[in-house]
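Per-chain residue numbering starts at 1, and chain names A, B, C and D are given in the order in which the chains are listed.
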Amino acid sequence: MSWLLLALLAVPLAGAASLTAPTFRERAVSLYGIAVSAATFVLAVVVAAVFDYGDAGRMQLQTDWSWIPGLDLRFHLGVDGISLPLVVLTALLSLLCFVHLAGHPPGGGRLRALVFTLLVLEVGMIGTFLALDLLLFFVFFEVVLIPMYFVIAIWGGRDRRAAAVKFILYTLLGSAVLLLGLLVIWTQTGTLDMVELTARHGAGIARSVQIVAFLAVGIGLAVKTPMWPLHTWLPDAHTEAPTVGSVLLAGVLLKMGSYGFARIAIPILPEGAAALAPWLGALAVVGIIYGSLACLAQRDLKRMIAYSSVGHMGFVLLGFATLTPVGMNAALFGNIAHGLITGLLFFVAGGIKERYGTADMVRLGGGMLRRLPYIGSLLTFACVASLGLPGLAGFWGEMLALLGAFRPAAGLSRPLFLVFMAVGGIGTVLTAAYFLVMLSRVTHGRARETVPVGPALASSEEVRVVLGPGEPVEPDATGTAVADVEDSGPAPSGARPPRAGRLADVTAGELAAWVPLVALTILFGVWPKALLALTGPAVQAIFGLGGGAG
Amino acid sequence: MHIVYPVVVSALLFSIGVYGVLARRNAILVLMSVELMLNAVNLNLVAFDVWLRDRLHGGQVLTLFVIVIAAAEIGLGLAIVLAVYRNRQSIDVDRLRDLSETGASGEAGPPEEPVGVGEDADREARP
Amino acid sequence: MIQSIDYSAIAVPLILALTAGLVLLLDAFLPARPGGGRLLGVVALGGVAVSLAVLVAQAVRGGERRTFCVPPSLGLAESCSFVLDRFTLVFTALVLAAGVVVVLLSMAETSGGRVPVGEWYFLLLGTLTGAVLLAASRDLIMLVVSLELVSLPVFALTAMRRYDGRASEAALKLFLVSVVSTAIMLFGVSLLYGVTGSVHLDRIAAFYASGQSAAPAGVGQGVTTVAIVLVLAGFGFKVAAVPFHFWAADVYQGAPIPVAALLSVISKAAGFAGLVLILTIALASQAAVWAPVVAVIAALTMTAGNVLAMRQRHAVRLLAWSSVAQSGYILAPLAAFAGVPRDAVDASVAYLAFYAAMNLVAFGVVMLVSRTRERNDLDDYQGLAFHSPVTALSLAFSLICLAGLPPGLAGLFAKVVVFRAIVDGGLGWLAVVMAVNTVIGLYYYIAWTARLFTPLSTGTTRSGSAPVAVAVGLAVIVTLVFSVAPQVVLSAVG
Amino acid sequence: MISVVVLIVLLPFAAAVAGLLGSRWPRGGSRTKENDRAAARRAAWFAIAPITAALLLTLWLASWSARALPRGSASYPGAEFWAGLLPGSTEGTLTMVETGSVPISFTLRADGLSILIGVLVVVVALAVQVYSVGYMRDDPRHPSYSAFISLFTSAMLLVVYAGDLIVLYAGWEIMGLCSYLLIGHWWEDRANSRAAVKAFLVTRLGDVGFLFGIFTLGFAAGSFRIDDVLSADIPRGTLITATMLLLAGVAGKSAQVPLQTWLPDAMAGPTPISALIHAATMVAAGIFIVARLYPAFLGAQPTLDVLAVVAAIGMLGAALAALAQDDLKRVLAYSTISQLAYMAAGLAAGSDKAAIFHLLTHGAFKALLFLGAGAVIHHVGSNLMTHMGGLRTSVPITFAAMTVGFAALMGLPPASGFFSKDAVIAAIEHSHSPAQPFLYGAALLTVGVTGAYAMRAWLRTFFGPARVEALPEPPPGTAHVFDGREAPRSMLWPIGVLAVPALLLGFAGVTEVDWGSALVSLIVALLGAGVVYAFWRGAPHQDPARMLGPFRTACERAFYVDEAYRAVFARPVLRLARGVVRTDGQVVDGAVRGAGRLTMSLSGFVRLAQKGNAQLYVTGLLAGLLLITVAAVVLG
């Protein structure tokens, strides 16, 4: 059955390749996209079905060919308890993105090129989670860069080019440093095979070298899961990316970084991890507080959601920093939960931006629950799930991370991690604060009547005058009718000005893309065993101890 | 005679050649100073050959080759200087500033067409 | 006593030289028909193809072939001047392959009528002969002569275009800097000869390995160091390493594009061959002296190249600085020679092979585009993807390869090989500098690639040219093969 | 048997899901008048039917438990009272979730204590659902309103019947969310929305402490099951820290002193919500938890002392604040804080029996008072007592019911309040904790002040000159106005039903009444009431609260605690947030952009050498070479 993983990669690649044939009509392209991604999703489900859940710790369905003996790089794929959920999540999110794309083509046009880019993106993402060879992981880790650059640069928002350049340069610097770390591991151990290296638990690498290697690999991965100081590319990339881009960026690309910690950094360099765990924990916790505070003062909805990702991934990194089975379980669960919930958030935010023509909370005014009741309630559901309400997926990731921080691994200083736990707790309160404040600014209050095309405010300065500078003035107080407000440059992102009167509420296409995410969030919230039973044995194997009360 | 004397003379000769290349404005005089540098090398080689009493006389063989190379280079150098003169009516090395960073991107130099058409004609007019 | 010459060993340079002669004769005696230029091109191409075939035959027969040897005397083994081993085969293959592409590009150039066809191909074949000879030479004299044989024709080729002030200016600059570097190198060679007392590389190595020195110890070591650095100068110029890089952009911009391609690939390959021969064979035991020098030069070269390329508006100048940066990446593994001798050389040669393929694709496309828009600004490439998608895609593929990002797997594996050699050799700081440089490099590569795909209202139809299209196709196919199966290069190299 | 408990918890949850998804189903989103009305009617049925079924099941469970034989000695020492009253207990585990360290077991457990509270919850919830049908007749969002109430009821029942601390925490948080959603029901007015956010955040802050307390207990006992936690011998130090942390959650949820500011603002929600959530059930959850884990609390005496002090301050402060409020609902809100402090005092004094007894009676009479207040507000159209007066004739049934309620609140003999409050006072009297005299003094004082504010509210609402001026039509979304007649039948029935336990529930504890302390507290209450009556008699138009003199505004603003919190916490956090955004823009992002600009300027600098002059190149070449040679020789 090992050809399954190969097929999982081959189908999207073939789909992308055959797309270059000129015989495609515009309409057929989006259907074609759905077909290919649906096929990939079916394959992913088959892999999940064939997977032997009793022995989730062992690497299954392995294919292992020699690709470049010179670099002794082997085309070694496999899946286990840690990577299976991520693969299925990637396939699902890609499919939902294509479904959403069919109903709501992005502004930049050129749908065929977009479908091609997204399929290549999907190959890169799935490849990263399947690769079991350090260099192969690195290759797939980088395959994602160019497609995501073009998704942001061509179909993005107003100043998309700068955001795309910052994204690709920042991430490339990260992955270059990651490569150095991987090469240090390779020179020390002589092998690139992750399964072998995990089994060795860092034997054969001196402690100081492990620290250097963990630092290099850690920085590379930290850029991708935005750890606090290295996160500034994320808000720009998210704000400018089209809806589909944001969903995949937040839903999957961030997970590749944290997956790297679970698969490479911690299992292969245990002593390095033990030495640097306090720093990782500290930066993670700072990330939580920093992200939450930054969200509290944001004006742009998508930018706020981007910063919320910094906060949530802070919890994931805290889970890793505790170096305990429960911490690792928490991080992996948090990964999946964040993927689902933030994916949904970005879908809804994209829908709002498409309807209102803007994502600026002040110009959205309020009263969305009155004008768009279904979209408003979906936004509320997503925010509540994201702030970690028990019974929804977001809760278990954060709670187990705090549980892990309550009693970290033996070598780590307990009072320090208790401080992290306390600060993390405060972080959850701040997370609740900024989500609810956003909800009360956007969904509550009285809706502003958008007057049909009035005097177009020429420059953004006049908009500032109308809305009042700086401090977001309560829209009700001004009571100004927002004319057909367009910033100076025409926004090629097809941000259609809000149509007069009735805005269309959620469409069938959107519902088809969003309901699976809602269902899965509830499922994993009510029944966390579905995921924990999967990652549990794999995590035990990593920490090399049978039971271990953690 | 101790080996140091010819080596020092050769080094001095080499330095004079270098000075000549850097200081002179006329391309032909620059070529002459390059010749000087190559002959300094020949002196050095012959001196070492005698000092080492090398049975294969590697030094002298190399000197011969260097002389031939120098000749070839001068021939070619003069040809290039001739071409420069024909195109730019001057062989002042300092005046050849058309290809440069600012030149290229600043006012994006006009495309080169054969003589009689466009820019080149009036550049020829300038001394 | 007459030295026995093994003609089968020197078959490749011999064929190239004879073809050069043949082309000159044909040009002289054939009546000046309009199609004449094309015939000479085909003859030149035939010559190169035949020599490639002979090379493949030699490679298949395998085994080392040596000629122009000096009989063993007073305790020293027989040392030969011309050796045909794996290293030489790889370099000759690389040079001839690049030669094929350059000849194809030249066909388009010579059809313009502003260039004397016979002389052009004669000089081109001369350069190829020089490069092939250099790869096989094992003594200083042959090294110097073949280096000159590579350089001199290029000066002439640069100045070949009639009535082109810029071409002649570029030629003069190239001539000046090259001649000075050669003089410096010769001075270094003379000092080296003075200290070691012999001209053959293996004998110099034996001298340093045995550790005795003619002059008193202190002076001898000082002179050796100076000698090494001066010799490095000559090759530094050919490779356009840092102190010797100033000429690159001006000459590439002034010269015709096939000559720029020649400079950036073939003369650079020759430079590296010479560098590797001298450093790793003659001065192997002196690695402690030259390794740090090469490391610093490599770091400076890649940084200067990338930084200068960042703000370029002119296509060829950008490719010039990019090739300076790439030669920095090729130099870097050599610095790790002390730690891992075999891997260092293999990494460097492998990267050179990858670089040659990628770079020729870029130059081919620039040649295609420049046939309609002479100014060759980056803006001319705006929206190219909409008029001629294949050309745009191949240029984008080559730029992404040069940047070292996955769709361009060749570039990625090349960089991984180099990074591995550096990390193995323990040069952590150089690895970090190179990492930062890949990011700076990506900035201008991605800027150019993005321009290709941004739509432009006015599109001009382009007149394609067959030979250049074939050249670009050939280079793209080679790069694709290197992307999918880099093992081809890695096993050949090492 | 456990399946009955599961059914009781799941029925309201099913009602919530049906209400949310099903009520508008066929006609979709078109919000016309008749669509809303039909959806409201269907939503009412979705809400009421399951809750009645849950009530019947709970009663049957209670009867089974009463008849069941006591299963051996109760699992923990403090349980003998409940075992006596309702000996039968049952427990069932759905599944064990292996987290990597302490496992979580999805367990439900029903014993004497939980069944009693379960009954209270279901009764009050049913009363409120029926009451809401009338109260929210033409509110467009009635389906979501009733669905959220069902969700809340299910969450509260989950807390009551939870056998595992994490499952309990889950119910705990969902309750918080439902209170947020329901307080912010009329979100058109931003003030309601802000009050809802405040309520959620303050309780969430307490819940963080609560979660950490659960962690401490869980790790000490090796499992989160309540039985394991109570039977494990946990070292005293850990027990104290754990219970102290749990206190944070209790303070948050039951609006005790440090975190009580959210409850008065929660009155922005519809009155039935105030009755159900902010009087009877949710706020009582904190007290229930302490009772549930009472053996652990008994083991940590310092925690009980802290609870005692907190309770003392809370009851007195809240009572004084209630005395000075003009808004009838805020009077009842502060009264709730004060009564909860009473229950906490009972627990601190060592008798969880008295506390729970007072919890039950308080649940009944406070819900009654709130529903009555709802009817009064409907009649008058405004919450403020200045707009009320002389209503005893125009709303006679409400008047009778609220009189019973106020009597119970003051603790007059026939009403249930008298017996339960007396039990608490007796417990405090006989307790021997160091804080006992301070607590006992505060308790007596509060009895007097309670008598005062109850009498004041009663007099100012139902007696004195009737005000007749018509009030302007309130903007849509505020309290609902009726046409002067008394509330409709669907609102009066719940008031009547609740009046019965408010009056008679006290007799359940009539056997242990300590007549001495009861008499003392009765006299103090009547004294307080008399003083207010005297002031009111003097000038019926004026507000008897003037007797507070200079402290009146302080009391009305609840001693400025709310403003202090906003100044100390809310505003600095927002300023910090803006600061973070600025630093992120300039410092962290600045460093990145700065690096880019630095490289660009470096490129500009290096390009200076490319002037085009060949001799400059050769000079550069030779200079570089010289430099390298010297460096190689010197450093070489």
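To be clear about the criterion, a contact is a pair of C-beta atoms (placed from the backbone, for glycine too) under 8 Å apart; a residue touches a chain by one contact, two chains touch by 3 or more.
Predicted model, so just to flag it, every value in this text is computed and none were measured.
J.: With centres defined by CA atoms only, which chain is the most remote from chain B?
T.: Relative to chain B, the chain with the farthest C-alpha centre is D.
J.: What chain is most central when centres are computed from CA atoms?
T.: Located nearest the centre of all protein C-alpha atoms is chain A.
J.: For chain A and chain B, let me know how many angstrom lie between their CA-based centres, rounded off.
T.: One centre to the other, that is 62 Å.
J.: As a quick test, compute the distance in whole Å between the mean CA positions of chain C and chain D.
T.: 79
J.: How many angstrom between the C-alpha centroids of chain C and chain A?
T.: 44
J.: In whole angstrom, what separates the CA-based centres of chain B and chain D?
T.: Those two chain centres are 93 Å apart.
J.: Show the residues in chain D shared as contacts by 2 or more other chains, in ascending order.
T.: 607, 610, 612, 614-615, 618, 622 - these are the residues of chain D that touch more than one other chain.
J.: Give the residues of chain A that touch two or more other chains, as numbers and ranges in rising order.
T.: Answer for chain A, listing residues that touch two or more other chains: 169.
J.: Out of chain B, which residues touch more than one other chain, so two or more?
T.: Residues 18, 21, 93, 96, 98-101 of chain B touch two or more partner chains.
J.: Going by the touch definition at the top, which pairs of chains touch each other?
T.: A-C, A-D, B-C, B-D, C-D
J.: Under the definition above, what is the set of chain B residues touching chain D in their complex?
T.: Chain B residues touching chain D: 18, 21-22, 93-94, 96-103.
J.: Across the complex, what residues on chain C touch chain B?
T.: Chain C reaches chain B through residues 70, 73, 114, 140-141, 144-145, 148, 152, 155-156, 159, 162-166, 168-173, 175-176, 179-180, 182-183, 186-187, 189-191, 193-194, 197-199, 214, 249-251, 253-254, 311-314, 317, 374-375, 377.
J.: Write out the stretch or stretches of chain A touching chain D in their complex.
T.: Checking each residue of chain A against chain D gives 166, 169-170, 229, 231-233, 290, 293-298, 324-329, 366-367, 369-370, 373-374, 384, 389-391, 395, 399-400, 402-404, 406-407, 421-422, 425-426, 428-430, 432-433, 436-437, 440, 443-446, 474, 476, 505, 528-529, 532-533, 536, 539-540, 549-550.
J.: Help me check something: in the complex, which residues belonging to chain B touch chain C?
T.: My answer: residues 3, 7, 10, 14, 17-18, 21, 27, 30, 34, 37-38, 40-41, 44-45, 47-49, 51-52, 54-56, 58-59, 61-62, 65-66, 69, 72-73, 76-77, 79-81, 83-84, 86-88, 93, 96, 98-101, 104-105, 108-109, 111-112, 114-115, 120, 123.
J.: Spell out the residues on chain D that touch chain A in their complex, using ranges where they run on.
T.: Residues 29, 31, 95, 97-102, 166, 169-170, 173-174, 177, 180, 184, 187-188, 190, 193-194, 196-197, 200-201, 204-205, 208-209, 211-212, 215-216, 218-219, 573-574, 576-578, 580-581, 584, 588-589, 592, 596.
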